[in-house]
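Next come two complexes built around subunit A: one with subunit B, the other with subunit C.
This part shows the complex of A and B:
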């Protein structure tokens, strides 16, 4: 349509940006090559070459599964489910107030309470449940309780972080409208904020429960009860055909929990 | 009834939204507040119920000086002022009934409102208001199931559920089609007449403002540049409010002719 002598040119990036990006990619590749060298320095290649034979050897011992072992697994499986569910419950109950204290639009004090709430979240998130369990087994002794508390502590950060992000993303006009009626602070939370974050809350909680089922299956490795305990003893006695059964039970549990969480999320959204 | 004295608002960013605004609104008067975008219309009505803090000046509702209040007394004053919003600002995931009853939040305890156990008188009033705005059967629907016009009706019912002494409306028709806009404006005008309720309505549409308001206040860059009966809104006044424009073309028309105007423009573009 418009054509004249001084045609304007347009470029996606300036030459300087092109150079910077090229340099960025170059260093990334260089770093990868360097790391690969570092990583393979101590590898004994004879073992790696042997890997397929070893794998098939263990595979052979794992099959056929020893189905009779299932009967000994029902109790630990039940324990595992309880650890996950009660742990999630504790985590969620503590996470709710923490999330409201951490969200910019609901925190009572941006300079004191908010950093504190964020610290709680970061602390809880930065420590793996297995490490929490390790600590707790030392503090409150081995067993289910250590597992439940470990799962709970780890869940606080996860749930609170996602929940406070949901709180910060709400539609402020609804809050304004409820405040304009003369509602008190708690009534504003009850009528304008909670209805908006409720679907997110259920989604997050069920998602965390689903993760916790997977995590609680291995907590027994450090003595915190559940299926992991059986896994530990089977591994140490080289009873590979029992390990298979445990793996299959864990797999089935995870599949079921995924299905449940998918259903719940469908129902609340 | 409502009186503003030398009201000014300067935001933290240094933007002067309102400068020395003074006027009063007697009972039963419907005021259309017009002006270009950014003239301070929203800031002005939000200063009245203190969703925005005024920087200086005072506002009286009856005997109460609104600008002096805080905490509990401020909440008690807000109960007396109903507000209607542009995007309806209903709580989308609550039912129509809960939204209307939220107009009573300032009157019931936190515990009662949490359990949704409102006094029967409030519930009766909510039903009759829903009937009045034409949504009698929809009380159990969730707010997000309703159309735009229906949502704004719920918004009006929520404001009236407060039994307000003053109604504020922030662009109540901006998200609605022309026909629904007129219906909503007629409804607001109607309820104000029935209750002898004064109202301040922020509105972009000059024709709507002229048709449904008793009095027009024109705001430009945070100052009142026109204040008079709707019939006195001349081309000269519109130019003072909005700047120079061919007002004939805008004023005689509502939407269809605007379309024609756009269409003729499109043709001109094609020809060149």
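This part shows the complex of A and C:
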């Protein structure tokens, strides 16, 4: 067999690419191993080894579910729905002006107002609603109001971010057409921008409502009312058969709200 | 003189959504009734809220003049737990979701495989991180190991679902071309699917890294390790300056992770 030196065999990648990739993977693996060691430093492995026994123990206590407990859950369920819906409402109402201040094409001042609006969005988005609830329960006391405000504060960032992205993506020629008729600033927003972002707005709001239903089911863990409150008291009395019922109710609520939100988004988008 | 009569008609803006007025009024009326019922069922102790305003003001002051020093050891320990948990759980989540994602793509997997993988995804997606954390803490004991397992479990559902959807969206011509060379299943995955999906997979993993960090700061509230536990303690002790410091660190890390991951995603794609 004589092979011609000019014949190149096909390779998936060049040697340099191979090296770069290899180095990248190497560092990722090294970092992961390092983190793993750091993380499991204080882990008591006897507890981990014990987990299957614990799991079967808890499983045994969870079944059969105590169905009678369902009757005590209707009021918390209604509270949970209210936390999610009213919270979304507050969040959306505050998010609309924030979104208009943050969008590049509608903001009154690109150097002063826009960064401020973006800061509001980032702060609201990076803090989980459970942490908001923790703070608000400490500040305004336990109850539904803390949950509603927590959900509202968390929703501002989410809704405002998606909405301002939608506003930035609108068709500018329509804005120009309305402006050419001599419309004022508010009229341009009313007649040229709002009709374009309205479907996106309803989609975003319903999407957030769906997420909020999920989140409001557990807010009670820190004292903000709803199903989580029942979960907390069942957990602290180790009534695992009630916990099962609560989990099933949460699961059903989440499935229904997801279905509703999918239907509504299909209808508007 | 019909022209003169038609010109007297004034223009009314058409509705963007819900063209049928009957639907519009039913929905409007329904939401009004719901709002009245919901708001009337929320009991608010306004006196308590009024009392809390002072504490709220203290919290805002604490947020503006954060105290990083007096609890720095706790904060540092919490942060290390959160960060290591985030990385290890994302890596573990990606490693497990790649085979599940392949199995859940209808164009690569036979029907029984598809059904099994899809049910794993549904199971992982239907419960929230907090609820999974409660169960896993009960089984594996307190600490970051339970948090690691929680985040891994939650990542699997998220990543496999999106990965499977990406694989299903792959260009089938490329798959066919590779298959026509006589490649077996592994070679098809490696040369046709992987090269199409890889940039998206990296993007999704980085996105999940971001989410995992946010969640890791919350699950500490139920005992699964991380900076959430430190935050919970700080708020319980009414140490608002320390709590403000922790929140500022969380926001800063979320910002850094978000910006660097969007930068890497742009670079990869």
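Quick note on the criterion: the second predicted complex is superposed on the first by the 247 of 269 C-alpha atoms of A that agree within 3 Å, B and C clash if a C-alpha of one lies under 4 Å from a C-alpha of the other, contacts with A are read in each partner's own complex, and residues count from 1 in each chain.
What we mean here is this: contacts are C-beta pairs under 8 Å (C-beta built on N, C-alpha and C of every residue); 3 or more make two chains touch, one makes a residue touch a chain.
Note that the structure is predicted; figures quoted are calculated from it, not measured.
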Which of subunit B and subunit C A:214 touches, first, second, both or neither: second
Contacts of A:85 with subunit B and subunit C, given as first, second, both or neither: second
First (subunit B), second (subunit C), both or neither touched by A:63: neither
Which of subunit B and subunit C A:23 touches, first, second, both or neither: neither
Winner by number of subunit A residues touched, once subunit B and subunit C are compared: C
Subunit B versus subunit C as contact partner of A:198, first or second or both or neither: both
Touching partner for A:180 - first (subunit B), second (subunit C), both, neither: first
First (subunit B), second (subunit C), both or neither touched by A:32: second
Partner chain(s) touched by A:140 [first = subunit B, second = subunit C, both, neither]: second
Common ground on subunit A, meaning residues reached by subunit C in one complex and by subunit B in the other: 191, 195, 198-199
For the subunit B and subunit A complex, residues of the former touching the latter: 49, 51, 75-79, 81, 83, 85, 87, 89-94, 98, 102-107, 110, 113-114, 155, 158, 162
In the complex, subunit A residues that touch subunit C: 12, 28, 31-32, 35-36, 38-40, 42-44, 47-48, 51, 54-55, 58, 78-79, 81-82, 85-86, 122-123, 125-128, 130-131, 134-135, 138-141, 143-145, 148, 191, 195, 198-199, 202, 214-215, 217-218, 221-222, 235, 247, 250-251, 254-255, 268
Residue numbers on subunit C that touch subunit A, as the complex places them: 13, 16-17, 34, 38-39, 41-45, 48-49, 51-53, 55-56, 59, 80-81, 83-85, 87-88, 91, 126-128, 130-131, 134-135, 138-141, 143-145, 148, 191, 214-215, 217-218, 221-222, 228, 231-232, 235-236, 238, 243, 247, 250-251, 254-255
Sites on subunit A touched by subunit B in the complex: 171, 173-174, 176-184, 186-187, 190-192, 195-196, 198-199
